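Chain nomenclature is as follows: A, B, C and D, assigned in order of appearance, with residue numbering initiated at 1 for each chain independently.
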């Protein structure tokens, strides 16, 4: 049985007028997501702008997520600090908070080759006090290849991968190479427009930015595939794609997703990235697509 | 009903020792493919190295395919000549040969933007004497975007698209935007490792280089999805991926696929690209994977 | 002494209202260029849209260039036919026409690796009846690397390289690795905005699309560097950049350069690429920059 | 007069056996560089692995550089913290330490468009208590375009740019658009293999990783260009290229440059990136090229 299954939310972080973390609103938002039925939370992901917070703020975000969940759903904690030592320190802290696992993005800025990537994750996987999820997002960071992922899957501490490439052949290659030896290994896609197809080829779930905006829709797609209602799954997927595409293409990522959560009634506030926020027109477009996506569920 | 359904073979072209087209062997090879049950032939595709033949040779290849098929299966003919006038001339010739449609790759070398691509295909789609299949292969030529494809789908003569991007979200986007207005539009994937998943999201078929090597396996995947035997489809897909990956990664494309057809008993000969042929070891590896892939069908 | 020195023009081809080659205007245009003092002509380059002409038309273009030059300046002839055999045939024809050398672009569409590229050029370099210029244009075709170029420079028939990468470190690397063993080897840049700097690091000349529009300016830059009037060279270079940038960025390449030649009084006509021509506003902008560039010479 | 001229060293940071900053050795190394005659120090650059240190460590590195320089040469301090607020805080600290300016890399991980980049730098440029150098390194972070750079050059606090693109046309475009309005603006290249050519087109200096290994050679190139001894400059440039290429291509960047500084007698220690260090053979190769490069100066 895979360790992690279902829909995880890489949640955005509400900020107040001074640009500080709005802890109250974050709790209210996470509570709402859990009540909608999401299967887990994912703190400090790309959608959560982990890079724009200080190490201390990242810790606060994980703490709030763990406290709000209070054991109701597993919390995955992004943990890509400045270097291996700092990352391992964060792991300890997150373990103490009650996180289920850490997700470690492959190194960014410098583009590392397979051997160096393997060494990096091997060191973390060997020493971490908490289970580790690999995080592959080739658009933003050094790409992991199949051979390296397979080797890393031999470490017990490494329990799965979140892959945001959107490449379905890559997903199937990983699954067919790893599943036999590691039936517990989790394969989560981070590419919302392909969640139905990814589940079809064997992914165990998704970490979906749009699930922070329309958790109902993402969960309905997941349920439809689980129940083998494939036509329904594809119909719902089409609606998720329309919403996702609007949120992705307007403004700078993840502004569209922040606007989406705002559209659901949360005071998300301005991003820390100057001028990356959306205009009123864009917000209306996002709002319309949210409405369309939810209506199909009614 | 989609116009084109099933598995089409973008066949390689056997050459004799002087490097000329081995017409006899080509007929024998195409006849074998048709007898295996493939749903159509695709002449002068990327796997068929259309670029390395002269305009006259390309005509010969289509002629041989049409004659060998003799109406048993539809023949699609790649028709990307030097310019629109030459392409339209080729269309007339191919219509006279009995080809079902022409497939026109988007312009290569220069990378054209959406507007110029739209104008190019609009001119061909408006004037062609034969149905037209768009051919999108971003790895090699100017990429087509969804909006342009949708507009082109308003022309009756344009009956479908072959998309070799391997991007399943892109496939689903095309389908959800076009199918309602054009229920006859055909969506063929050119990405073998994703054929099962592409059919799952609604593709009507595939143009698969590996179907020229193991038509039995490609056809079995297609049949499994049609019969909703999804687990079987995925199992077979895994074998196709293993074979495809070996053929793609050894030597220069499409050497591995030429070696594969050779491995099935046809005298394919050396490619026209100097030194792009595989060593003995590679041929053995390809042969082993062909064997593995066929054994699972037994 | 390098075999090829100075400013070569990769000229555009005038077309009449039916889209056929306007031979009379082509002769008039080439004659004008030679009278302006350009050091050579370059037929069937990227700017000359070699890909949009038939093999027969490409032969006609080289024939017209050779006849018009009538020995006044050397003619380089682009010769990238469908395969090695066809390319060698073109070489023979071009030799008979009186071309000085053929320029062979590295294979496009398929992206070949270093070994296959080396084999391709080795076969041409060993068998050609005419001197060969390598043509590296990574934006459009398979990139050549330093090691492969060095090896190919050991063949007598290979007399130089046209490099359109615009990468000045790459140019200097080539020069420092090859010049000692082959003092006759020619290094021509195809990147107009860097011609002054490329000459500074040792390039022997340029194949400049903008020299077909403002030969006076390109020649003045060349002369300034030869005379060590470096400040003047840079001042003129700035004007060439402004014109080049406008011609490159408006419409689809090489529309801006066709509009530029039109602006100098030649009936270039519409391109064969549908809708790639410029609007009136763009033509005015190109015209203004031509005017600015020439005024600085007065 | 440009504010910043000459050769600046983006120095590597010595680490002890526990992986902590070896402060004593760092002081000794920086002192050696200043005594060799470098025109300035550049703390926390890409070569300095700023990303692999904590915010506190980055402060320590700048402090050590300022103290060691003690006013002998200007210190530039890389300051790309998690967000604008944190970056401004770092600026204040670095001003107090005595840094001459901060260098701010364009945001990485997310790829921002021109408008968002402009807003980001505008906010920093408007509020910083210290002069600001833009840092463009398209290989690793969001690329800055000419128009955005020109607009930012209107802010007094923004005094220059470090550009590591290696694109000489880009450098000349910047200079010709900005110099007239801002004669004090500094243009530093970060691309060692083109330093001579960049100075030729008007760059005011370089931030050169190899200057941390062979400051003598980098300084000799700079002096040669200043004295118009261009042939000598190019000869020395060739040696710098050979050394740079070896250091860049072996191991993961910046391992080769760390090995180079080690080769000059400093205890640089292992990098924080697991397994990114070089083998003995590579170190010997680096050592040989250092020797060759210095010998030409003798």
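Quick notes
Assume contacts are C-beta pairs under 8 Å (C-beta built on N, C-alpha and C of every residue); 3 or more make two chains touch, one makes a residue touch a chain.
If you're wondering where the values come from, they're calculated on a predicted model, not measured in any experiment.
Steps from subunit B to subunit D, minimised over paths through touching chains, total 2. Taking each chain's centre as the mean of its C-alpha atoms, subunit C lies 36 Å from subunit D. Subunit A and subunit C, compared by their mean Cα positions, are separated by 50 Å. Contacts with at least two other chains are made by no residue of subunit A.
If the chains shown are joined wherever they touch, the resulting network closes on itself as one ring, and no chain has more or fewer than two partners.
Interface note: chains touch in the pairs A-B, A-D, B-C, C-D. In the complex of the two chains, the subunit A residues touching subunit D come out as 19, 46, 51-55, 82-86, 107-113, 115-116, 119-120, 122-123, 139-141, 252-253, 272-276.
Residues of subunit D that touch subunit C in their complex: 166-169, 172-173, 176, 191, 193-194, 196-197, 200-202, 230, 234, 237-238, 241, 245.
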